[in-house]
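Structures given as C-alpha cells follow.
In the two complexes below, chain A is the common chain; its partner is chain B in one and chain C in the other.
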Partner chain A sequence: MAEFIARRAMRAILTIWIAVTVTFFLLRLLPGDPTLLVVEGDMTPEMQQALREQYGLDKPMLTQYWLYLTELARGNLGTSFRQLQPVTDIIVSRLPWTALLAGSAFVLTIVLGIPLGVYAAAHRGKRVDRVVQMFGITGHALFVPSIGILLLVVAGSWLGWFPIGGAIDPDTRGADAYVSLLHHLALPLLSLVVVQLGPYALTLRTNMLEVLGEDYIKSARGRGLSPQRTLWRHALRNAFLPALTLMGLQLGTLVGGAVLTETVFAYPGVGRLIYEAVGQLDYPLLQGAFIMLAITVVVANLITDVISMLLNPRIRA
Partner chain B sequence: MSAMMPPDTGPAGAVAVDEPAASTPPSAMKSLRRFLAKPSGALSISMLLVFLVTGLLGPLLVDRPGGLGSEILRSPSVAHWFGTDDLGQDVFAQVVWGTRVSLTVAVAASAIAIVIGTALGLLGAYSRRADAWVTTVTDLMLSLPLLPLMIMVTALVGPSVTTLTFVIGLFSWPEVTRLIRSNGLVVVSMPYIDGARALGATGWRIVTREVLPAVVPLIVVSVLLTAARAVISEAGLSFLGLGDPDSWSWGRIILNAQRSGVISTAWWQTLFPSLAILLLVLSATVAGVRFNDSRDPRLKDR
Partner chain C sequence: MNMRTLGRWSGAVTAVVTALTLTSCGLNEGQDASKPAGGDSSTTLRIGTTTDVANFNPLQSLSKTDNWILNAMYPHLLRIDGDAKKVPELASKYTHEDGGKSVVFTLRDDFVWSDGTPVTSADVKYSAETIMKNKLGNVAAKLTWVEGIEAPDATTVVFKLSRPYAPFAEGVGFWMSIVPKHIFEKAGDITKFANNSDWVGAGAYILKSATPGQRYVMTRNDKYPYAPAGGAAVDTVEYRLYPDVNTMQLALRNGDIDLMGTPVPASAIASFSGDEKIKLQEVGSLGFAHITYNVTNEHLARPKVRQALSMVVDTKSIISTVLQGEGSPMTGPISPIFAEYDNAELQPYPFDPAAARKLLEEDGYADKNGDGKLDGLSFEMVCDQSNPNLTRVAQVVREDAAKAGVELVASCVERNTFLSRTKSGDYDLDVSQWAVFDNPMDQLRSTYLSSNPGGINYNLVKDPKLDKLIDEAAVTTDHDKFAGKIKDLDAYVHEQALLTPLYVEKIQFAYNAGKFTGFQPSPSDLLGMVTGYSLSQVRPVG
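Then we have the complex of A and B:
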C-alpha cells in the first residue's frame, strides 16, 4: 500500500516536472523576446536588474532552465508585471476560491451523476434513459459562459434569487458569512455542474451496463435478490470506484470550466485572475497561474487515487 | 485499482465511441443512406450545411459589422433580427461573420489534431516500444488543465485566427491519439497483420496500408468530435479576450456584452451567439455519434 502511494506520488511529481519543463521551453522557443516573460518596462531599473540576474537572462538556455527550476522549487514563480508582487503570493491568495468552486463541482457531479447513471442503466431504453442519453450528448455542446450568463440573468438579475457577482458579502459575520458564501457559490457552481453532469452520467451508464451483465450480478439475481437490492447493493458498490477515478480524469476540464465561470460571475479565484492578467499582458502571472493550477490538479488527482485505493478492499489488504 | 474499469474507457469529457465493426466496410452510398436513415443523422448534417453556407456566403451578403450605429441596444426586430449592441452594431451581422471564423478554426485545428493524433495513435498501436511513451504523454496531456495552458501560449504569441488555430490544434490531439491507439491495437492483433508480416511487409507498409484503412471510419468520427471541441475552445479563448481583434467571433460577441455590462438587459447579445455555438457543436457531435452507429452492424435495427 505504501508502495502504491509512493509510486503514484512519483508519477505526480514527474507530471508536474514535465508540465513545467514543457512550459519553459515552449515559451522560450516561440517567436518573441524571452526576457519579456520575466522583466517588464513598468519595473524600476533595480528591480529589472535583480530579476535578470536571478533568472540569468544573459546566460545559455540550459542555465536559465536550471535557475528557473531552482526558483520554482523555492516557490518563486517570478514577479507580476502589473502588481509588482511575487506571483506566488497573488495566486495563493486566490487559489482557495477556485479550489472551493472546482471541489464543490467535483463532489456534486459525483453525488448527482452516480444515481443518474445507475438509474438510467437499470431502466435501459425507458424514458429516463433516453433523457440521460440526450443530456449526455448535449453536455458536450454546452458552452460554460453561455450557461453561466443564462443562470446569472434569469436567477440573478430577473428573479433576484442569487447575487450576481463576488464570492462573499464582506459585512457578514459568523454563520451569516457561511450562508453568504454558499449563496454566492450557488450559480457559478451550478453552471459548472450542468455542463459536467450529462456526459459524466452517460459514461457511468455505459460502465454500469457492463457491470450489470457480469456473472456475480446474475448470480445475485439467481439467489433471489430483488432487482433493486442487486442494483444498489452489488452493482453500485462496484461502479463507485471507477466513477471516482473517472471524475479524477475530468479535473483538468473542470478547472478550465472554473476559469470561464469565474470570469462570468466575477468570482475572485485564479480564473478571474487569469482573465485580468490576459487584459494586462501579465505573462509571469499567466505562467504562474497555469503551473499552480496544474499542480493543484495533479495533487487532487493523487488524492482521488489514494482515496479509491483506501476504499478498494482488493488493494487495501 | 482501476481493475474493474475497461482499460480504454475515455474520460467523461470524451464522447463514448464503441469499438469499430471489424466487418468489410459498406459502400459509400449505402453508408450514406444508413447514416441518413435516422432523423438525427439527416438533421445534424442539414444543420452543419446551414452553418457551412452561412460561413461561406454570409459575409458576401451581410455587411461587415463595424463603426458606430445610431440605434443602440435595440431588441430584435425586422430591421435587426438579432438586435443591436451598445455601439449600435447589428448582432446578426456579427454572428454571421463569426460563423466564418468559428468554422475556419474548427476545421483547421481539427486537421492539425487529427494528423498528429492519428500518427501517434498508430505508432503506439503498432510499436510496443513507442507505446509506453505515447501513452504516458497522452495521459499527461489529458490530465493537465489545458485551457490555462492555451491561454498562456495565445497571450504570448499574440491573438490571431492563425494563433488560435495552431494552439487549439496542437493541444487537441490527445483524445484522437487515445481513440486511434485503442482501436489500432485491436486491428494490429488480427491474424491478417501477422500474415502481412510473414509475407515480409515492412512496418511502415503494414501501418499505412493495413492498419490505417481499418481505422479511417474512426478518423471521420474524430474529425467531427475534434472540430466540435475546437469550436468550444475557440469560443472560450475569445470570451477571455484572446480572440483575433480584427475578426468577429461568437466568443467575442459574448465578451463585448459582458464588458459593456449589458448581459442582464440586452439578452439578445448573448443568446444568439450562444445558440450558434450550441447548435453547431451539437450537430457536429450528433453527426459523429450517428456516423459511428450507422457503421456498426450490431446496431442495424436501432
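Then we have the complex of A and C:
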C-alpha cells in the first residue's frame, strides 16, 4: 500500500509541476502588458521600464521561470504586482471562504446525490427516476450566474429571505455570527448545488443500473438477501467506485465554478480574487491561485485514488 | 474498510474541516473597527464598490476603489469642483513667477495628520520628490519639468521648472496625493511599501479596517478643515464589495447600501424610475467616446478620408439607440465640460454617407470592379469588448460606412488585447473612450504631440504645425491667451479630423435619498460622489 501511495504522490507532484509550468508560460502568452494596466493615460517609456524592472519582467522568460521555480520550491509564491503583498498571504486570507463554499457544496452534492441516484436506479422508469433524469439534464444546461441572479432577485430582493451578497453581517457576534454566516452562504451554496447535484445523481444512477444487472447481484437476491441490503451494501459499493473518481474531478470543477458564484454573490473567496487578477494581469497572483486550484484537484484525486484502493484492493496491482 | 466505516470517516472529516473553516474564516475579522465610532447613535454611510483596494500606497495606486478611499484619506493641493474647475484644498492658492518657470503653492495651516503632526510644505516636497525619484504613477509624467522643489517655510512650496507649462499647477495639484513624510520615509523602498495598516491621513475620513473581499471601514477625521461646523454628520463610511453591478443595484434597492459608488449603467437607469427613495444624481464627464484614426495607414493619412469617415457617423442615432438618450453630442476634441476652452464655433461633420462617398471620389477613390466598395478603402476597426456600448457603436458605424463605399471590419477584442494593439499601432480605426482628462492641455499634448510623451498618441500623428501649436499653448501662462490657443488647437484637430467624437455619456449615481442628502459630486466616475470633501458634507435626512 505504501508503494501505491508513493507512486501516486510522485505522479501528483509531476502533475503539479506541469500545471505550474503551463500556467507560467500561458499567462505570459496572454495579449497585453501588465504595466499598461497600472497606469491609464500618461506613462512615459521610462516609467514603463521602471515598472517592468519592479515586476521582474525585464529578464528573459526562462530566467523568470527559473527564478519562479526556485522561489516556489522555498514556498514563496511571489509578490502581487498590484497589491504589493505576498501572494501566499492574499490567497490564505481568501481560501477559507472558498473552502467553505466549495466544501459545503461538495458535501451536500454527495450527501444528497448518492441517495437520489440509488433511489432513481431502484425505481427505474418510475416518476422519481424521470424527475432525477430531468434534474440531471437541467443541471448540465444551467449557467451558474443566471441561477445566481435569479435567486438574488427572488429570494433576496422580492421575498427578502436572504441578504444580497456578502459573507457575513459585520455587526453580529458569537452564535449570531454563525447564523449570519450560514444565512449569507445559503444562496451561493444553492446555486452551486443545483448545478452539481443533478449530474452527479444521474451518473450514480447509470452506474447503479449497470451493477444491478450483474450476476452477483442476482445471486445475492437469490440467496435471500433483503432488497435494501443488496442495494445499499452490494450494488452501491461497486457503483460507487466510478462515482468516487468523479467526486475528485468534481471538487476541481466546484472550485473553478466558485469564480462565477463568488462574483455574482459578492462572496470574498479565491474565485473573485482570480476574477479581479485576470483584469489586472497580476501574474504572481494568478499563478498562485491557479497553483492552488491545481493542488486542490490533484490532492482530491490522490485521496480518491487511495479510497478507491481501500474499497477495491484489485486497483493496487 | 466497508461503506459504513467510510461514511463515518467522511462525516468526521467533514465536521472537522467545516469547524476549521468556520474558525479560520475569522468571523469577527475587522468587526471591532467597523463598529461605528460613536456607538449605536452614530451615522454610517454604506457605499457599494466593485473592486478591492489593490494598493493602499497613494503614491502609486490608481484603481477606482483605491482612488475613492485614498482620496478621502490623503489631501491634495487642489480638488476639482462640479464644473471641472480646480479649487483650493490643502493649497489656499498658487501663483506663477519667473515667467511661469516657478509655481508657488501657499498651503493652509490647519491641516493636521491624524496622529497630531501638522501637514506642512515638507510633506508636499517629500511626496513630489519621491514620485519623481521612483517614477511612480501618472503623476511622475506631470512632474517631468521639475528641476527642484523648495520649501522656504511651513506653508510655502516652490516648484522650479525647466520650462513653463501652463496647467502644471492644476495637474500636479489635482493628481498628487500628499503623504505624511514622517511615516513614509521610514518605510524603506517606497515601491514596495504596501501601506496596508495603521493608516495616518489628513483627509475627511481615515481608514480603520480593511477586510479584503468584504468591506473597508473609514471613520471621521474631526480635524478635517472643510467639514461643516461641529464636524461631518457621517461618522463612519463603509465600502462594501459587489463585483457584479447588478447585485449592487439589488443591494441598494434592498437597503443594504446607501450609495452606488460606480455609475448606474445606461441600461439600468429606467429600472430605478419607479423607486421613490432612490435618487439619480447626474455628474459631468471628463471623458468621451470617439473614433481615432491611425495615420500611418496610407489612406487614413489623407485628411479627406478621415473627414469622409466622420460623415458616416450618425451620433444622434447612436445616442438615442445605443445610449438610450443618456448622452450628448460634442464637436472637436475638447469635452464641453471645459466650456472656456471648447471652441463653440466648430460645426460637426454632417451625417451624410452619400456626401462622404462623393468626397472620397473627389479625392481619387473609385469603384473600378463595381462591387459597391471604393477600391482600397477597407479598414479594421478595433474596439474594447468590455464596453458594450462601443461594441454596438462599431456595428452601427460599419453599416453606415458601407453606404459610403467604405468597408469597415469590426474587431472587438478583450480589453488587454485592445490596449496592446492600440498602444503598438496595430489597428486602422479605434473605437474607444477617454475616461478622464482633467485639463485640455494635458489631453492635447498627450494625444497629438509627435514625441508621444505620454505614450497615448494613438493616431501616431507627426504634424509639425500641430506640434508648434501645442508647444506654444503649453508655455502660455496668461489665462485668456492660453484659452485662445486651446481653442485654435481644438479647431485644427477638428479640421484635420484626427478623431471623430461620438458622445459624452451621462454619468449618473444612485443613492438612497430617503436616508442621506448633501453630496457634492465631482465630474467623472473617477471620484464622482465619494471625494473626501463630498462625504464630509453628507448629512442624514430628517
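The rule we apply is simple: the second predicted complex is superposed on the first by the 252 of 317 C-alpha atoms of A that agree within 3 Å, B and C clash if a C-alpha of one lies under 4 Å from a C-alpha of the other, contacts with A are read in each partner's own complex, and residues count from 1 in each chain.
Basically, contacts are C-beta pairs under 8 Å (C-beta built on N, C-alpha and C of every residue); 3 or more make two chains touch, one makes a residue touch a chain.
Keep in mind it's a predicted model, so treat the numbers as computed, not measured.
Shared-chain residue A:265: touches chain C; no touch with chain B. In the superposition on chain A, A:5 makes contact with neither chain B nor chain C.
Of the two partner chains placed by the overlay, only chain C lies in contact with A:237; chain B stays clear of it. In the superposed pair of complexes, A:279 makes contact with chain B and with chain C alike. Within the superposed three-chain model, A:61 lies out of touch with both chain B and chain C [touch as defined at top].
In the superposition on chain A, A:30 makes contact with both chain B and chain C. In the superposition on chain A, contact of A:297 is made with chain B only, not with chain C.
In the superposed model, A:256 lies in contact with chain B only, and not with chain C.
By the touch criterion stated above, A:163 is placed in contact with chain C alone, chain B being left untouched. In the three-chain superposition model, chain A touches both chain B and chain C at residues 30-32, 36-37, 145, 149, 152-153, 156-157, 164, 263-264, 275, 279, 281.
Contact residues on chain B toward chain A in their complex (touch as defined above): 1-6, 9-13, 15-16, 140, 142-149, 151-153, 155-158, 228-229, 232, 235-236, 239-242, 251, 254, 257-258, 263-264, 267, 270, 274, 277-278, 281-282, 285-286, 289.
Taken together, the chain C residues at the contact with chain A in this complex read 1-3, 6, 14, 17-18, 21-22, 24-28, 30-31, 34-35, 51-52, 54-55, 57, 62-63, 134-135, 137-138, 140-142, 144, 191-194, 196, 211-215, 238, 240-244, 246-248, 250-251, 253-254, 256, 413-417, 419-421, 423, 435-437, 442, 446, 453-456. Chain contact summary for the complex, chain A toward chain C: residues 30-33, 36-48, 50, 54, 79, 82-85, 90, 93-94, 96-97, 99-100, 103-104, 107, 145, 149, 152-153, 156-157, 160, 163-168, 170-171, 173, 177-178, 181, 232-233, 236-237, 240, 262-269, 272-273, 275-276, 279-281, 307, 310-311. Residues of chain A touching chain B in their complex: 4, 15, 18-19, 23, 26-27, 30-32, 36-37, 137-138, 140-146, 149-150, 152-153, 156-158, 164, 196, 199-200, 202-204, 206-207, 210-211, 238, 241-242, 245-247, 249-253, 255-256, 259-260, 263-264, 274-275, 277-279, 281, 283, 286-287, 289-290, 293-294, 297-298, 301, 305, 308-309, 312, 314-315.
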